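To keep things simple, chains are lettered A, B, C and D as they appear, and every chain counts its residues starting from 1.
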Amino acid sequence: MSEGKHTSVSTYVIVALILGVITYVEFALVEYPQAWLGSGWTIFLLVALSIVKFVMVVMFFMHLKDDDRTYSGFFSSGMFIALATFVGLTAMFILPKAVASTRPDNRAAQEASHAVPHELLDNVETRGASRAPAEIADTPAVADRSVSVEAPTAPNDASTYSVTPPAGATAQGGAATAEEPAATEAPAAEATGAQSAAGEAAEAEEPAAQEATAEEAEEAPAQAEAPTAEEPAAAAVSWDKDHGAAVFNANCMACHQMTGQGIPGAFPPLASHAVEVYAVAGGRDYLADAVIFGLQGAINVNGMTYNGVMPAWGHLADADLADALNHVLTAWDDEPAGFQPYTAADIAARRPDGLSAGDVHAKREALGLH
Amino acid sequence: MATAPTVTSPTRGKIFNRPTWTTGVGSWLTTIDHKRLGLLYICTAFMFMIFAAVEAGLIRLQLLSPTMNIVNPDHFNQLFTMHGVTMVFLAIMPLGIGLANYFVPLQIGARDLAFPRLNAFGYWIYALGGLMIYTSWFLGGAPDVGWFAYAPLTSLSHNPGLGVDFYMFGLFISGIGTTGTAMNLIVTIINMRAPGMTMMRVPVFTWMILIMSFMIIYAFPPLTIAFIEVILDRTFGTLFFVQEAGALPILWQHLFWIFGHPEVYIIILPAFGVISEIIPTFSRKSLFGYPVMILSGILIGFMGAAVWTHHMFTTGLGPVVNTAFSLTSFVIGIPTGIKIFNWLGTMWGGSIRFTTPIIYAIAFLITFTLGGITGIMLAMPTFDAQVHDTYFVVAHFHYVMGGGALLSYLGALYYWFPKMTGRMMSERLGKIAAFITVIGFHGIFFPQHIAGLLGMPRRIQTYPAGIGLELWNALSTVGSWLMGIGLVLIAINVIHGLTRGKRVGDDPWDARTLEWETSSPPPYYDFKVQPVVNSLDPLWARKHPEAMHVTPPAPDAGAKYDAGGIHIPGQSWYPFLASAAIMFGCYALMYDNFILAIVCGLFFIFTIFGWAFEGVGGHHVHFDGAKENA
Amino acid sequence: MSAEASSHAASGASAHPAPYRSSKLPDVKLLMWVFLASDTMFFGSLIGTYLAYRERSLVGPFPQDLFDIPLTTVSTFVLLMSSFLMVLSLHALRQNDIGKFRLWTAGVAFFGAIFLGFQVFEFTHFAHAGLSIHQNLFGTTFFILTGTHGVHVTVGVIWLVSLLVTSYIRPMKAKDAVYLEIAGLYWHFVDIVWIVIFTVVYLVEFV
Amino acid sequence: MPMRWLRRALPVAFLAPLLAGCSLDGVQSIMSPAASIAREQHGLFMWTWYLSIPVMVGVFGVLFYVLFKYRRRRDDEMPDQSHGNPMTEVILTIVPIIIVIMVAVPSVRSIFRTQTVVQATSDDVVIHVTGYQWWWKFDYPQYGVTTANEMHIPAGKRVILQLNSGDVVHAFWAPRLAGKVDLIPNQDNRLWFDTDPDGTGIFTGQCAELCLGAHAYMRFRIVVSEQDEFDDWVAEFQQPAVVTTATDPLIAQGRQLVASKGCIGCHNIGNYSEGVKFGQPQYPDLTNFGLRHTVGAAILDATPENVATWIRDPQEVKPGARMPTLWQANDPNRDQEAAAIAAYLLSLGVEDGTQALAQASTGGN
């Protein structure tokens, strides 16, 4: 305790008054900003005032003013190191931001999306995949898309084999090439004939669905069109079958095949399996998790073990994933008892869990599935 | 010296009666005696060091050749992570703190630390935290993210296992203990020096401990915050290091190294202190440039807080930041160089007696000089851009931490063993072991410089064949076997010393400082009469007044300070119970058992109140001699 | 800290003269100052984290949508005044005026409780506005920073109350003032931390 | 038999400083730099190395002189208890200061020569490097080319890398060209280096920051080629030859399997069909795989055998890799199918592959 003279009560009162006044001044500075006083000066003033308060409390209330030097030494050395360290640290975080925004650079897009990892990666993706991002959205793309619906035709005819054990598939490897032209006819026909609506939906949705390549600029309209526009309605009553099929064909068919039979030994079947998973308590959420976060680990379906990786599809829009799931649950089987179509909201609700593919596998185990 | 009947403080309103065992497990669980706690610290630290050495041996075996496959990558990651964590947090730093615990009060002529129960708490929370980390081997895998656990490697999405939780919680709580002990040591050194011992008469070891303690209290809070942030991320789903939310993983690196660089000096400063005790003793000469030594120590302490990003030169901080921090890093080289020169100056003109401790001191000088040189190289961002995170860095910090700290602590073990046990270790075996250990050490780490230059990154479970790394890794592994032999010999020597080492007097080395004035091992009240000091090296002054040009105070000059008797604080259960409560609370949080966590929290609060209201307690010891003077 | 402090209070009652101290400073007060020195780094790290993540949240709500400066100003004022009462209570104890000491100490604890009340109100309000530790970086850093400060205040309140209770169990004299003083130091420190938070977290958002 | 090892080891260990001084060449060695930045870094090291020799000689010389001269003898009398000598101490303080200055000045100058942020001009090659667990993606925004684990650059050009991470922290380390920069999520790091006009060749590098799993296998290669070769490479990538059918039945079967085994579920193959993008951004792009020198993040040379081995059981080759095993352990066709896929992949982008396309187009209609 401070030897000899103690601060008198009157001093305390005065200090307290000053502290109160300063606090009010700070309040006033912020609530009624002075035009003539630039924001720079206001900040300076606020900092100065708080330092005054700080010092007064330390000096008079904590008695450092007339207390032993040792205490002041301890405290001020601590304050000094803390200030130096964290002012420096904060500067290192704040200054680069300023630099980045003002850097004249021929890759402005990169800088713009600097803060957001996905967009940044997608940018890279854009540049890597298609010559010009715009291309995806405008008409020439349609040609591309028609190809893309047709593209995984090879899987189609493969899938006809894959119903039979793989042995057959390889045995007839040569034959496969021979049949190919014929095989390509069929889906083309169905793609055009069956539902041109599917085509439309697909076109509208592709930019978002196929890969989230577009930056916000292009992505926004795409989003606006298919999912978000009709989402409220969809959420309420039914869901967009064609859109679901389109998303499935664009993203899932390569592995799980058009018929949902998968590839024995490589990729598990969805047909008949998805619905039984859905029937399990908690299965509905698990399915959503599996598409959002992916799945990694050994699983057993119809007595066959699959030890692969299902990539995470979280980069697709909620509505896309919802409809794809609905497609999977209804395309090849009768829809399970008490089936409630997934809505974009359902998917969005799952996202915060931020699971890893391994966690999803653990979840699967927990459901009693193996 | 008949001790008067002991006056025990009133025990009304206590939950537990104050334990008064002097032997048995209970006495160790409840002890608040700084010497017993010091021994506990030292033994626990050496136990952890054995674990770490085994892990290191496995790492070297795996790297013997590119084709070795004795551990898979996951186990390899766990091995080097645990090796680093153990050595830095659980072995070498606590070793310094343990020595401080035992010898600081003795060196400044005090009867105990200022807050004995806080001291006990510090030990128990450190020991339990360390054990907690090691239980991870049996509870689903040890941490595997490297000892500096860069985010986002520690985030749930990249690391769902429990290993990271063990790392975070274990180091978090043992960090609390370390901070408490450091505060305790500061108050002790400021407040409990013997009459007449001004700050400029304080032995260098104690001075270095003081600086180390200040570095601890400034360095650990940022680390604690970093741990808390990750724990919250993993347990309560906050977003501190979740990159999808826009978080900046680089922040972890800053917080960690704001702690991490001072940590290097926290580890090395006590070693400097030990060397500054050993060299004067065995060259029968006062330390050369005592004030300069202290000053450079303080400078190192302050600069140590201003160099943290030299561990981050390759993270793209930009040329300006890199320049600033490389300059501050260069500046640290200056006081370090001065220290080395001053140790040479101490030996100059002395008469050097080649005992085992000074052999370790010499090994320290050589190793640390080499480590300092590579350190200066690494302080150059341009060159660091090449060797950062390679075996060149591995070699560097092992030269500084292993060669610097570990070798000098082994010297300290030989130097203070007679004081702690009253027996000598075998000098002959000691010297043989010392040579094998030191040669083995250089055999391990010198080739690693070259492996690094040849392009070998650190933390790889195997390395590309045919780019010239085979020879150097093989040499390194062989060196590890050699050093292993050396360490085994040292262990044998310790056991031999404990069982049938030759009994020696209070001052076998003809030493200079106060701890050698009392009997070996020291009695529980440390000094029969409060020592009084009027010069540096008080014991030396008593033995050779003419050489020191001082007249030492009369032997019983301090008796008047003991008029009220020597107060011996009472033992207590609360430090141990409080630490146990914290540890089980952490386990509960780790397994998301919040009920149990809350229960542990409440029990912790209960222990704190019990602790607060039981009082210091204890009794007073009176000596007849003291009575007469009173 | 509190533990060591009052445990020495217990020993103060023993009949023996206080042991020799090389500096004339009471151990517990030194310890408290060392602790405060280290606590600056503690809060420094938290505030540093907050500033590093300032304006980096990807989704709302953002500070400007939530902060209610008048409210926070009041709570800040309450905390400052509690510091004022704190020095009064210490002064009273040094004058051996136990009555005033109890009154003012109770006042401090009460004001501290009011401040905590403000904070609870603010948190619930923010929570209703959709801010949570999972929502965005602002939510995470803000809640953890102010929450940690709130925990410090709570500890302070508990400490003061237990001192108050102790003063009924075991009479406190002027010579025990140091055990109130360190509690006071802790309290003032929590106060100055809030002075900083009030400026760098709240006020600057509206400049 | 440690001791025998020791006899061989020790002399080498003590010769090592000299070796370190003169030559430690190697394909991944800092000591054989092949580009301006690496030369700067190497030069700085050599400067401090030569500077450190007199320091070591001085310190150790004095140390051993003292140890010998002042060793305890029988008739030693009490040495003078000097507490130091101001003059000597001032000198002992100035010496390290001078040494440090001699290191600091060239060091600081080289920082600004090597680490300043440069603005990309149309003449530079700009490459976006993205690190994933555990492979490297290289994007060429100027040319719209994406490839993996193998960076092609023209000799004599300045290369500007923009480095980001797709998951955890990685470090891009090309020892003989440019040194090292970390890849950190949500951060935009740059690294630039010049290649010598005649500095063609293949340079290795690898990830230097722990990223768990297959960290040790996260390697890459930088192919520095003449400008015209580089241009051909780019052209080939911009219009990858699409092979829809091939004369070789193995390749044809491989193409089938690439789809049916679901390779394209993760990997993009620009040669698979015109203008369609398959796979996921976080898995390597296999376009024109036939032009690659390596497989599995540059740990194996891309020979048919190696590629087949890799596809057959990735975990065998690269423990911890993300690539799943596509066959049941007991699948009789495993080896044959793996070989087929390998054959198909290796045919992508190489000459006969394009001929096969020509035949297909003529024969088709």
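Following the convention adopted for this analysis, contacts are C-beta pairs under 8 Å (C-beta built on N, C-alpha and C of every residue); 3 or more make two chains touch, one makes a residue touch a chain.
As the structure is a prediction and not an experimental result, all values here were calculated from the model.
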Identity of the most central chain, Cα criterion: B
Comparison of A-D and B-D (more C-beta pairs in contact): B-D
Distance between chain centroids, defined by C-alpha means - subunit C, subunit D (Å): 53
Rounded Å distance between subunit B and subunit D, as computed from the means of their C-alpha atoms: 38
Between subunit A and subunit D, centroid-to-centroid distance (C-alpha), Å: 30
Gap in Å, rounded to a whole number, between the CA centres of subunit B and subunit A: 45
Touching two or more other chains - residue numbers and ranges from subunit A: 70, 77-78, 81-82, 85, 89, 93, 115-117, 352
Where subunit C touches two or more other chains, by residue: 23, 25, 30, 34, 37-38, 41, 44-45, 48, 52, 56, 58, 134
Where subunit D touches two or more other chains at once, by residue number: 117, 185-186
Complex contacts: residues of subunit B adjacent to subunit C: 9, 111, 114-115, 117-118, 179, 183-184, 186-187, 190-195, 197, 217-222, 224-226, 228-229, 232, 236-240, 245-248, 251, 255, 258, 530, 561, 563-565, 567, 574, 608-609, 611-617, 620
Subunit D to subunit B touching residues, read off their complex: 2, 5-6, 9-10, 12-13, 16, 19-20, 24, 26-31, 38, 40-42, 44-45, 48-49, 52, 55-56, 59-60, 62-63, 66-67, 70-73, 76, 78-84, 88-89, 92-93, 95-97, 99-100, 103-104, 107-108, 110-112, 114-117, 163, 167-169, 171, 173, 175, 179-182, 184-187, 189-190, 204, 206-216, 219, 319-320
Contact footprint of subunit C on subunit A as seen in their complex: 1, 3, 6-7, 9, 12-13, 15-16, 19-20, 23-24, 26-27, 29-31, 33, 39, 42-43, 46-47, 49-50, 53-54, 57-58, 60-62, 68, 70-71, 74-75, 77-79, 81-83, 85-86, 89-90, 93-94, 115-116, 352
Of all residues in subunit B, those that touch subunit A in their complex: 156-158, 160, 190, 214, 217-218, 222, 237, 242-244, 246, 248, 251, 254, 258, 302, 305-306, 309, 317-318, 321
Subunit D-facing residues of subunit B, complex: 72-74, 77, 144-146, 150-153, 158-159, 243, 246-250, 283-292, 314-316, 318-319, 322-323, 326-327, 330-331, 333-334, 336-338, 340-342, 344-345, 347-354, 362, 365-366, 369-370, 373, 376-377, 379-383, 385-390, 439, 442-443, 446-447, 449-450, 453-455, 457-464, 467-468, 471, 474-475, 478-479, 481-482, 485, 536, 540, 544, 547-548
